[in-house]
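Paired with subunit B in one complex and with subunit C in the other, subunit A is shared by the two complexes that follow.
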Partner chain A sequence: MGLLSDPNRRRALTNLLTRLNTPLCIVCYLAGVAWFMGLAFEPFTLRTYMSENAMGSTMVEERFLAGERALVTAREFAAQKKKMGGMPVDWLVKAMQARGLEVFTQSFSRTLPFPDENKERYMVHGTNVYGILRAPRAPRTEALVLSAPCTPGSSNNQAVGLLLGLAQYFRGQMYWAKDIIFLVNEHDLIGMQAWLEGYHHTNTTGMSWTPLEGRGGSIQAALSLELSSDIITSLDLVLEGLNGQLPNLDLANLFYAFCQKIGVLCTIQGKLQRNDWDSAAGYSQAVQTMLLMVLKQASGRPWGDHGLFLRYHIEAASIRGINSFRQYKTDLTTVGKLLEGMFRKLNNLLERLHQSYFFYLLPSLSRFVSIGYYMPAFGLLAAILLLRALDLWVQLGSPAPGTEDGLVDGEQPFGPGVLSVLTPLIISHLTGVALYTLPIMAQQTAVEHFPVSETEAVVLTAIAIYTAGLALPHNTHRVLSGEGTEEGWRVLKLIAIFYMAVLLGCTALINFSLGFILALTLVPVAAFITPHVPRVLSALVMVLLSPGSTLLFSIFVYQELQEAPITLLEGWNLFLSVISQGILDHNLYGSLVYPLISLLVYPCWLLLWNILFWK
Partner chain B sequence: MAAPLTLVLIVAVTIRAVLFSSSLAEPLMERVEVVSPLNAWKRVVEGLALLDLGASPYSGDVFHETPLIIYLFHFVIDYADIVFMIADGITAVALYLAVQDYNKTVFRKQKYALEADRYPHDCLELIRTPKEMYYIPLKVALFYLLNPFTIFSCVAKSTCGLNNAVIALFILSTIKGSAFLSAVFLALATYQSIYPLTLFAPALLFLLQRLYIPVNFYRPSFWLFTLQYAVMYLGSLCVIVCLSFFLLSSWDFIPSVYGFILSVPDLTPNIGLFWYFFAEMFEHFRFFFICVFQINVFFYTIPLSIKLKEHPVFLIFMQIAIISIFKSYPTVGDISLYMAFLPVWSHLYRFLRNIFLVSCVMLACSALFPVLWHLWIYAGSANSNFYYAITLLFNVGQILLVSDYFYAFLRREHHLTHGLYLKRKDGSEATLVLK
Partner chain C sequence: MATCSCCFPLMMITLFLYILLYLQPVPCSNVETKASQLFSSGHTNNWAVLVCTSRFWFNYRHVANTLSVYRSVKRLGIPDSHIVLMLADDMACNHRNPKPATVFSHKNMELNVYGDDVEVDYRGYEVTVENFLRVLTGRLPPSTPRSKRLLSDDRSNILIYLTGHGGNGFLKFQDSEEISNVELADAFEQMWQKRRYNELLFIIDTCQGASMYERFYSPNLMALASSQVGEDSLSHQPDLAIGVHLMDRYTFYLLEFLEDIHPASQTTMNDLFKVCPKSQCASTPGHRTDLFQRDPGSVLITDFFGSVRKVEITKETVNLTTPIVYEDHENPNRRIGTPQMASFWAFGPSSCLCSSRPTASNTSSTSSKTLPQALPGGPKPLVVGEKGICHITGMTPFHLLL
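The block that comes next holds the complex of A and B.
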């Protein structure tokens, strides 16, 4: 407590912190970025290992051989699908019944708030078909799910074929201690959402669906399978779920362990692991993989059908078959063996997967960075805010004892001071509320008055409100009739900085990637902005570092990392579609990124914008 | 001054009424930060249902409120929202009047001291002015009514609001100098949650001071008044307890309320220090550590009463803060009561050392509570350690806040007797160091 109670030492420390504030901030920022980039460097990461004892010690022998038959089923399914022009529900029910499952269907319908132009859907009607294989060995209190989406067109037929093949094979085995649910969901995530809501008797998104007639026990783990070709070259594991939630790392470990055992090439983010970590190419591969994961996680959207399971405390991942031009080929039998092995291990679970990490980043499948290692990168960025806040606090405090009149004078500016701080706060939050609510509410009006489609109307309204918010300081000034004082902006900045620190801290805890990316762009703005910096230049920098521009940059970086660079125009179009997807994700699945940005982050940024134009 | 107070009351009631009808009320009733097993509204409703069925409300280990509360709500169950709003209003008005009266006393004392030329000449800037003190009562009411913690507590219908009202009435009657009413309300507060027992000492000190009886153990007048106050207190406590017995015609409520408070069987997470510690502990250490933890609340009364015997109102503030930190089932409603007193000590601001740190910690923690709860309970990705870490930090922040005010208060008193600009013996400027 010496530091807190000894005034001399406190003063020395405060002096040091205020004198070296700017260099310290710069050092913190660089150190934060360097730390983050260092996370992908192999000697700084940990090797993944299986923490769950129930899955570790028991080796299983895979005997699934019916890959060819699964392919035949897949072709039959494809033919039926083509004939029906959609999901062949009756055929699937019969096929599942023939394999000895208890089969149920669930129909659902959902009208989107505005048409989804990427997937070309607006009013969605569909049916989920699922069959339950009852556990012969245990009292049916727990279940595992294997799902395959039924997508329009010719994709994903093999996944359904393999699912049916596995169902038939699993039916013949005696060792199941958990119910296994085989689910074919239509309209990918919407169907999955309907099924999960039905299964858990909740309705969080206002979707209409028929109640489920049959249930298994509580779901312990789920795998979603996506296969579009008869032969694959590698399997890709997708982990990022809704709001950046990740399944327990043991699920990834399990997948990796079986890929090693069976000898299948496995990738994450579509990137194959390299063995030469000490070369520049090896490091760059790891960085790219990690950055892709960070960008995907930050988007807060489910990147596979598994993404919605995580909300219900169910560990889930998607396994995606990739067919590229590699020589190394794998047939469906091998994939089936992999799934059989994974399910048998999951079947051994005595409790939910909880032993391993929930907060991690993966620079490759065999290496991981846990929360203790990556949080300091964010902590260093957040420290800048605290340093700045301390500096401001000292600046605010120092003139007060200097004036001889003391409190009597200090009281006077307090009245208008509160008003001049409160007004920008309220106005910027109201702008945020407008940004959140208006795009969807005003789409009808926009479509009537402008030659745009509904989706464009929503996105363009959002961008218009976002831009209109920049005109805010002038309006505030009119309200206040030029009462801004030197002290006023300091108080406002202190509040804004502190607001941002708490906001980013909370975000980083829930979704590290989002918090970090936002901190990367917002913290410098928050640190340097004052009314005395060159106005035009700073305004330009601020706009470039605003949340919207961050999204635009992220899109370019993402495309670059995916090795699919795009032109500016394509980038802009993608930007528009990403915004519409973000709004849709929020309305359909309850993703929190759009409300977070519009209701909290954007107003916070507007406060800083307000400080720049303080008079 | 009545007009601004009325305005504040109207604003506060409007906010509460809006929130009561909004969708926020339902989830708030479930928040562990806002309601505890003692004061959750759901449990009161359960107790009422049991009572209506003719069973003892304490059967089934759900209901832990006192019999008087359940009989109160037995009659006004349909107007529960209004009761809670009125309770908050009463607390605010009582605190307003109490602080107004207290400020008058303080000012009068200061005037006498000034006339007697008792203050050193260089500490004129420490002298409080009527202008500065004029708005303090209003600020107190404002701090209580518009504090988000109070609002949440009221909207969640946590019976903590009623306890706060009783304590506020106790403070009012003490400061107004009515020994009998003070004893009655103190007994009522004790009856509600035991811990206000520690407020006996400051109340006694204040009343003694008011009657110009010095605290001197060799003076019969001191013992006479102490005895008088203690008898009034114990007598009314006895009457209330017996009344409860006759209402329910059983002593069930004693183990169910006081046993529950003291032995802490319910380890639902809350913002206090008990739950994690006792969830982790081996059973055979439990009794010893419960004693250690509970003594915390009561123990500080002795040194604080000795140190602050000239300043009983500050002592009341310290005691309420200590109760809300160390009690077994604290909620944010308890915190809001002592936070309402902060404007009264606004003249100590210049001596506060850690206020920046403390306000950062408190605000950050308040935001992190729901986030970590979400990660732990809903997402399943964090665990109880994360939540407890924040609880711990929050309490450290509170303790720092209270000790900072304590230090500032003592330092101001020191300056008032020794002068503001202290000199060492050799004439150089001296600084005070707390060790």
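The block that comes next holds the complex of A and C.
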């Protein structure tokens, strides 16, 4: 007889499975964590290389010299910005026209679901100004974008100045095969979202904007510039975009190649390159860089103005100039040369960037980890869920010890069994829906009754619902069907484990970092929770490993990695603002982290909480 | 008297000269041997098929390679009507070219190989494997213009130059198809069976180029490649202003070598084999001569790269017996070929032999420009040049009826 159909052999296998289940789970968990930490170890990583043939090496001759003039333009821009108290639209239009571009403007407005700390208003109005440099000889089928944000105050003036300087220089060259669009957007991401929606004729987020009068072709690549000082010491590359999407690795490779050619210090996550990646200190820095990238990706928010381009399959990155206390300074001409070189190479592109990886982690600018290497870490954690599910299936299949009459016992809990399983499911999901919708809907009533601002009202409502969820299923369960049966909680746990496996698997495919972090905390909970474990201790552990606490811990870890540790109170405030930002991101740009957590992950966790209090 | 004393030597000299001028006519049977010595290489016309198979801006160097060889071949005498030039992409007018209408082969823009007299026969998407094989084998539709045809015959020496991206046993055409070494060998065999070449020189500048000539099996083929199987052919110089590599190493040194060749040079194939050693090329060029009948040391470069007409000035007169009178009274100025040529067709469509009996007054006073008069009753002379007879080789029948 076959292996699985022979009852003796089957019993032997299942006994093995039951006996070794817990040790195997622990081994898998430790192996998964160790694999993840080992990803940053230098011999396991690959050196970055340029995959796109059309871009070739960095052989161009950069001739941009107008850095000083760009500074003058920046000061003019700053003065105009102060005079207008916002975006100096007319001055920008005139400046771009003087440089020979085709200039257009777009005005947009958005009603925020609740005013966040930055805006303190419900309505956001703004104008984007963009100029198109038409390719001298090519048909207008493709475009590249260089953008700089117009931020209030004294930031990013030099970015706009350099943008205008580059526009003037580019206008004098005749080797452009693509149109170049120079964009100055207002209100950072909101303005960028309006511009992109107008450009691509989509309206996914409910913003209202005037249609774009002038257009280039389909955008092949975009760079966003953030410069707030006359001289810089290093350039930071920001890759993480909306929902953890990353641009093609070739863009990062291009940036790094030019940094090396021109001799500018380049960083990623604010950390410098070093020579000794295989030493202990080097490994520690690589792990920190990778963890920062994982945390940023898991948050699902765009970390630069480039983050919104990625959704339209446009490879984009943000370049941030940093001025710290270092001896070697770089001036604006050199930054201009770097951008000129990058644009010349992007000009040579014949198709969109697609040769290099789309899913990767960067322990440093010169090393990368591709999806084939980091996915097994998540796979090992998912294997724990599979082992537990098999174990439960075996337990459910074999009759309970002490009962002789299998048939009668099997039938009896079936009726109330379904109801006792279905109820927690429905109640958990309803709580999730409440967590998703109520905070914004109920903010007005909350403001009336409590002395808090709207933002705080929303966040505190969310936390209140979250905590209330802890109490709810616990009580209703007792009311509805009395003591639960052994089989009932096993069935519920099986369902919960399958649910979690599918959920985390799909999340990890789209956003590996989010899936991995959730798996790290939720999989042990799912593995060891039963009604028979010590209740109080388990409850404490479960709360500590719930999605909300995971978020709190991640904030502290993030601050530690950034070398800016914070106190408990600051951490709590940051936690509140992160929640409000998450809700806002979801409403403004369509970020999926908040709905995922509130509608799917939180109910899943509530099911397990329910199992803990089954009896 | 002084005049009388030098009169006698003068008379002797004049007599000597007359004797020289009126040589005994050579019997016809010796002419064949004489003529055969002139046709020792066996070819009478030269063709070139130059193919660049890559498109896209970053393959600028392949177009520059092909245009460099085109330039050399034209300089050494092969006319555009005998060159089939296939370029898969237009680099000179590409939007990314900072110097439009130029293709440079040397950095600092020293040599513009695009020039103003480049005739591209197959351009852009017309450069396909099918078109290339049809050109070689001659199986073109009747509507194909002459400039797109390889009108070679069994007395033609053909130079075939291919460049692009290749691998072990194949050459990539235009990013969408490939030609394999087996196909190429079969195409050459078809050419041999249809007697479309006398001798063929095949040069290929791609990665693993030697694999392309491994499968040849037709006679009279000589092949050169820029790299062996398993090696990559590397590019030579990048030009920072244009932003691409301008040439491949093998063709760069080949061009340097060819720049020293002029139509009368006696450099042989053995020197060509030495072009671009490993120290310069970083790959090992290879060659194959086992199918070639002559010794490469006796094969001149100009046998393939140039269209050298063998012109030998001789003072011998050759009397061709049994002339057939072929008069045209209406147009006495028209040059008429005499049927003496019939006996020499065996050597190829070539010689226009002239009769040997010009009158003294005619020959000594005629310049090369005047055409011969129709002498009554005598054979029609075809005088080209001043004194004596020129054996002219390398002309197709078409050129005779001038």
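Brief remarks follow.
As a working rule, the second predicted complex is superposed on the first by the 577 of 615 C-alpha atoms of A that agree within 3 Å, B and C clash if a C-alpha of one lies under 4 Å from a C-alpha of the other, contacts with A are read in each partner's own complex, and residues count from 1 in each chain.
As a convention for this text, a residue touches a chain if its C-beta (ideal position, glycine included) is under 8 Å from a C-beta of that chain, and two chains touch if they have at least 3 such contacts.
The structure presented is a predicted model; accordingly, all values stated were derived computationally and were not measured.
When the two complexes are overlaid, the chain among subunit B and subunit C that reaches more residues of subunit A is B.
Applying the stated contact rule after C-alpha superposition, one finds that A:313 touches subunit B and leaves subunit C untouched. Residue contacts after overlaying the shared chain place A:532 against neither subunit B nor subunit C. In the superposed pair of complexes, A:56 makes contact with subunit C only, with no contact to subunit B. Once chain A of one complex is fitted onto chain A of the other, the partner contacts of A:344 are limited to subunit C, with no touch recorded for subunit B.
After overlaying the two complexes on the shared chain, residue contacts for A:176 are found with subunit C alone; subunit B is out of touch.
Legend: residue contacts after superposition of the two complexes on their common chain; A:358 is shown touching subunit B, with no touch to subunit C. Once the two complexes are laid over each other on the shared chain, residue contacts for A:137 go to subunit C alone; subunit B is not touched. Legend: residue contacts after superposition of the two complexes on their common chain; A:125 is shown touching neither subunit B nor subunit C. For the contact definition in use here, the subunit B contact set and the subunit C contact set of subunit A share no residue.
Here subunit A touches subunit C in the complex through residues 53-54, 56-57, 59-61, 135-138, 173-177, 344, 347-348, 350, going by the rule given at the top. Residues 56-58, 94-98, 100, 238-241, 243-245 of subunit C are the ones touching subunit A in the complex. The touching residues of subunit B, when paired with subunit A in their complex, are 125, 129, 131-132, 347, 350, 353-354, 356-357, 360, 363-364, 367-368, 371-372, 374-375, 378-382, 400, 407, 431-435. Listed in rising order, the residues of subunit A touching subunit B in the complex are 4-8, 10, 245-246, 310-311, 313, 352, 354, 358-359, 386, 389-390, 393, 401, 406-408, 411, 498, 501-502, 505-506, 509-510.
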